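Heads up, the next two complexes both have chain A, just with different partners, chain B and then chain C.
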Partner chain A sequence: MKHAATKPSPPSAPPSAHSAHVNLLRLIGLGIGILLLFGCLIASLLLGAADLDPRTIWQALFAFDGSTEHLIITTVRLPRSLIALTVGAALAVAGAITQGLTRNPLAAPDIVGINAGAALAVVGATFLFGSASSHTYVWFAFLGGTLAAIAVYVLGSIGRSGLTPLKLILAGAALTYLLSSLTTGMLILSQRTLDEIRFWLAGSVAGRDFATFTSVLPYMGIGLLVALILSRQITMLTLGDDVAKGLGLRTAWVKATATVVVILLAGSSVALAGPIGFVGLVVPHLVRFFAGVDYRWLLPYAAIAGGTLLLLADIGARIIIKPQELPVGIMTAIVGAPFFIYLAKQKVKR
Partner chain B sequence: MTKSWLVIRSQKSLFSIRLDRRVPWVMLTLAIAIAVVMILSIGYGEYPISPLDVVKTLLGIDTGTADHAFVIYVLRLPRAITALLVGTGLAVSGAILQGLTRNPLAAPEIIGVNAGASLVAVAMIVLLPSFPLVALPVAAFTGALVAALLIYLLAWDNGSAPIRLILVGVGVDALAGAFTSLMITFGNIYDVSQALVWLTGSVYGRNWEHIQALLPWLLVFLPLSFLLSRDLNTLALGDDIAKGLGSKVEWQRGWLLLTSVALAGATVATAGTIGFVGLMAPHLSRQLVGASHEGLLPVAALVGGLIVVLADLLGRSLFAPIELPCGVITAAVGAPYFLYLLYSNRNA
Partner chain C sequence: MSVTISSTEPALTTRQLTLAYDRAIVIRDLDLVIPAGQITALVGPNGCGKSTLLRGLARLLKPLKGTVYLDSASIFRLSTKEVAKQLGILPQSPTAPEGLTVRELVAQGRYPHQSWLQQWSAEDDRFLEQALAITGMVELANRPLDTLSGGQRQRAWIAMTLAQNTPILLLDEPTTFLDLAHQIEILDLLYELNQTEGRTIVMVLHDLNQACRYADHLIAVKNGGVYAQGIPSNIMTEAMVQEVFGIESRIVHDPVTHTPMCIPISRKARLA
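Our next item is the complex of A and B:
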């Protein structure tokens, strides 16, 4: 598996004048990315069914007076925008790690079935115990995601050829099909569950309040933090097991931790916003163009780009058929699926 | 293993067919099994009718209860027949696709042909509520054909490698699924709930009108597929050998693809996406009668019919009085089967 690397810089290379130059450029790129992200965040607060002006946002945040506009911002727009941002970042980082772990450019949490597993577990929990709080939601999402990850890994890696891209994707597709048909079955058995969960199931960041957001945030924070700490080790893994072992890496331990990180990130995203597809697939490929193959750069870039992308998708979902809105998961799939096809064509030559 | 073949040959016309010796017996057994399950299925429900009464009513003998004829002829028989026909179409479509791509994992539901059909059909239901029922198969067929061509073209890179075909299919499937969800979010709630029931793959509430819309397609394309089955055998040897044997490879492939897509489209238009029948039935049939397509296709047709009729009966009885669409049942059984196939092809 070859990544389209512009400047492959080994993680432990001694700093030279050239790599210092590249690193400076990357740092500037990161700064521009953060500015873009911030701009999208502001736009996300401004645009929607009711267009507001920037001054109102400032006042709502720092001089809240309880008017309708201020309420819209603090209770609807702000949680929504923050959720889009963090979910996008989490999914993109999870996708980047999955691609590195499996050394497969087509892998992402949604494609290998982790999102479907988390979704099934959440729907199952709602079905069995009624509408639980988001604190319990998230644990079910983790459980479901973990089981799906184990299943797809075992199924994809059986046989002499090991974990080939095709087998992983096929096992993921079949697993997703199975899990989502079980989800459908449960929804048909219980009209009440269907009502509560339908919009969520298409992938949406709308209609969530701050309490939901803050209850899931710690898990995402831990996931992102551990991902950044592990970034050097993950880069070594992408060189192949033998090389990584030769460099003194305890591969089994790193793989296990990285998998836990993926499940934390993907599971909490699903608990917050439902199964949003293709962000985890597309973003790592986009940022690899700027950030190269070193995960110490790739992961921060992916987080920022993922947040920006999902914010943009959510703005689009709001204004395309104004005053109605689309689930953002549909937007990302319409953009992401053609990209998947393109990748399949490019990377699978045989 | 010595194969003993059954050869039927006519002296006068240019007709001859060579079948595996097991085929007639297997088909007879399957037909009996289908009849039994259908009778049970017709008898089962909120208003139970004993199997004996079902048979009597079907044979036109008066059972003494006026309700029986109504319940059976108007409500339950069309549903059971739809299930049978849909299963037949899906199974043959899948068998052709597997033969064509020489890939045991190909099935219309995995590579996005069914998704294309559902997208167009849902669009018709939601955007044009007055769209006539009889024309729905045509619309779904168009969708399936476009999806199939799209997959074929996108996967084309100096030849169509099976792996790329399937991966591109997974992508097309996701794309069509997204647009279908879009339709569902857009539409008027009444049309949408109709489309939803239909989408999950169900034979609920199907009446004679649906059968009338589906039957012509099966009557044309099932016999066509049986006629083409011999070409499938030569194609299965690989393009080079098939060409060497004098086959017009591209023409045959085109006709077979058209047949497969037509069957998939018409059945999806009738009953939505009942998943994994097109995957399972050919494999089960191959175990019963071997891989020669002259025998395989008819047997697969019966196996497919049996699967859907059985799935419908299970869907109604497992959680009665709530009923699960048979698409949920076939997916719950079929997806693990797919994973098992993946496992058995692990060293391919």
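Our next item is the complex of A and C:
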């Protein structure tokens, strides 16, 4: 003990203190993000064709009296806002995972064709079987998303070099075109189907009730939970297959599970709100500045930012051409498309 | 983190190891012994299969036939995490995502020692700090990898495999793309790890003279098989260089390390 006491004391601020400091900042950032998200949720309940005041919202939620205003809030605004929040979160997390899985900064469920596959399956089901309930919608969305994922993987892997980032994007673009034109073809053949899902197909969180929301919520919940559990393993995948395997990661298993998570999240998002683009692509890049590259931070940040962003986009879609409304997918495309071009110029090597 | 192994026992053994990409066979029916506690260098021309062999030894490539034994157990029978506690591998020119810091990278090396219940322990911290110290990366620990020089980056990757704390370390061309000073720095570091901690080191090297200087055991690979192996002074001959690399050379005595030194003879007459 005496000997130990005479030893020089360690430097007052060892480098590990730096990472503790960074982690504290990230935790604070996450708190601020949650507050922002909550603020946007309130704003989403307040704003729209008829602007309401906060007191009415409070009463509608906790002292419901059946008035028109209260009905607007509980049957229109609240489900719509919650759908925007969860769909935004699910798409952003799915995008972040897709980027990690493929080690490709341009990847996202909509870019690689998963959203288009899910959408085609939902439209096809409506075309063949008439309007089905959302319970069945979601399973068609999963099926379509899975088939699209397999197709893009096979298509992109053709050739000697395997699945390069560029080939993945090209295969995704080609597949998206093909699936979208099939979807359009079906809609032209059936006026009835077109009327039912025209707005949905552009990506919209409007016109869905609570039952629709709650029927899809469990799949999203499971997807988000498994994503968080796998976050450490996904970080390791970003170091490359050989490094990850060398560190003892069962890469095939992690990749398969993560792919299922992406399909769950993207499929349930499409079933709820149609194929909304660019959220999955853009949000992970936006939050990387604060969250770094560790998926244990990146995924929670992406979920919160994705929810916030889609809430904001939906508020914009409601008030920009008031009293008319735009589908929210058009809002995200207006913001997302230039960002995609920027990323393609900056980040894609070869 | 000292690892003591008697130098007589093998670290890795292959039996009839046959490795292939798609269906093109690269390594055929190879029986090989990697001595424990020594530095082994794999040399050979481009495309001879030395990198493939290293990936096979590290269970990154599933053999078409045969297997690799680690402590008398086939590495494909052990759980991959169990293997990762015994054997670390640094692939050729690995890449990290933009923004990943040195500390975050090195921390990944602790993965095989962790579980769902035990995410990060004091022991993990100790090995992390130690790996940073040995590689001289303490000062740079919080820097993103993409802001570092090639040599520093390579040291960070080596630090990651050191944090893994494995008795066996496999490295695929750890000195590629580095200038001479950084090459020597990396090789000296590996030599020290071998000397002070008795770690078994297996590496693919392109420079024959560096291989002779640093390796106890040299393996010359040709056409997917072992052409010659043994201590460098025994197998480093003009005939071997001619056979394996297809060039004429003179083997002379390295005045500094007293190991063999290969001087290639150019076909250009004016240089002769």
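We adopt the following convention: the second predicted complex is superposed on the first by the 333 of 350 C-alpha atoms of A that agree within 3 Å, B and C clash if a C-alpha of one lies under 4 Å from a C-alpha of the other, contacts with A are read in each partner's own complex, and residues count from 1 in each chain.
Assume a contact is a pair of C-beta atoms (placed from the backbone, for glycine too) under 8 Å apart; a residue touches a chain by one contact, two chains touch by 3 or more.
Because the structure is predicted, anything quoted here is derived from the model rather than measured.
Colleague: Return fit or clash for chain B versus chain C, each positioned on chain A through the superposition.
Modeller: fit
Colleague: Check the residue A:L178 against both partner chains and state whether it touches chain B (first), chain C (second), both, or neither.
Modeller: Only chain B is touched by A:L178; chain C is not.
Colleague: Touch check for A:G292: first (chain B), second (chain C), both, or neither?
Modeller: In the superposition, A:G292 touches chain C alone.
Colleague: In the superposed arrangement, which partner chain does A:L239 touch: chain B (first), chain C (second), both, or neither?
Modeller: After superposition on chain A, A:L239 lies in contact with chain C alone.
Colleague: After superposition on the shared chain, which partner residues are touched by A:P79: those of chain B (first), chain C (second), both, or neither?
Modeller: neither
Colleague: Taking the superposition as given, does A:G88 touch the first partner, chain B, the second, chain C, both, or neither?
Modeller: Neither partner.
Colleague: Regarding the shared-chain residue A:S19, is it in contact with chain B (first), chain C (second), both, or neither?
Modeller: Touch status of A:S19: second partner only.
Colleague: Going by the touch definition up top, name the partner, chain B or chain C, that contacts more of chain A.
Modeller: B
Colleague: Check the superposed model and tell me the shortest C-alpha distance between chain B and chain C, rounded to whole Å.
Modeller: When the complexes share the chain A frame, the smallest chain B-chain C C-alpha distance is 15 Å.
Colleague: Would you please give the residues of chain A that touch chain B in one complex and also touch chain C in the other complex?
Modeller: none
Colleague: Residues of chain A touching chain C in their complex?
Modeller: So the residues of chain A in touch with chain C come to 14-16, 18-19, 103, 232, 235-236, 238-240, 242-243, 245-250, 288, 292-294.
Colleague: Which residues of chain A touch chain B once you look at their complex with the stated criterion?
Modeller: Listed in rising order, the residues of chain A that touch chain B are 106, 155, 158-161, 166-167, 169-171, 173-175, 177-178, 181-182, 184-185, 188-189, 202, 277-278, 321, 324, 326-327, 329-330, 333-334, 336-338, 340-341, 344-345, 348-350.
Colleague: State the interface residues of chain B toward chain A in the complex, per the touch definition above.
Modeller: Interface residues on chain B, with respect to chain A: 105, 109-110, 154-155, 157, 161, 163-164, 166-168, 170-175, 177-179, 181-182, 185-186, 200, 275-276, 319, 322, 324-325, 327-328, 331-332, 335-336, 338-339, 342-343, 346-347.
Colleague: Show me the residue ranges of chain C that touch chain A in the complex, using the header's touch definition.
Modeller: 55, 58-60, 79-85, 88-91, 94-101, 103-105, 108-109, 111-112, 125, 129, 132, 138, 141-142, 161, 164
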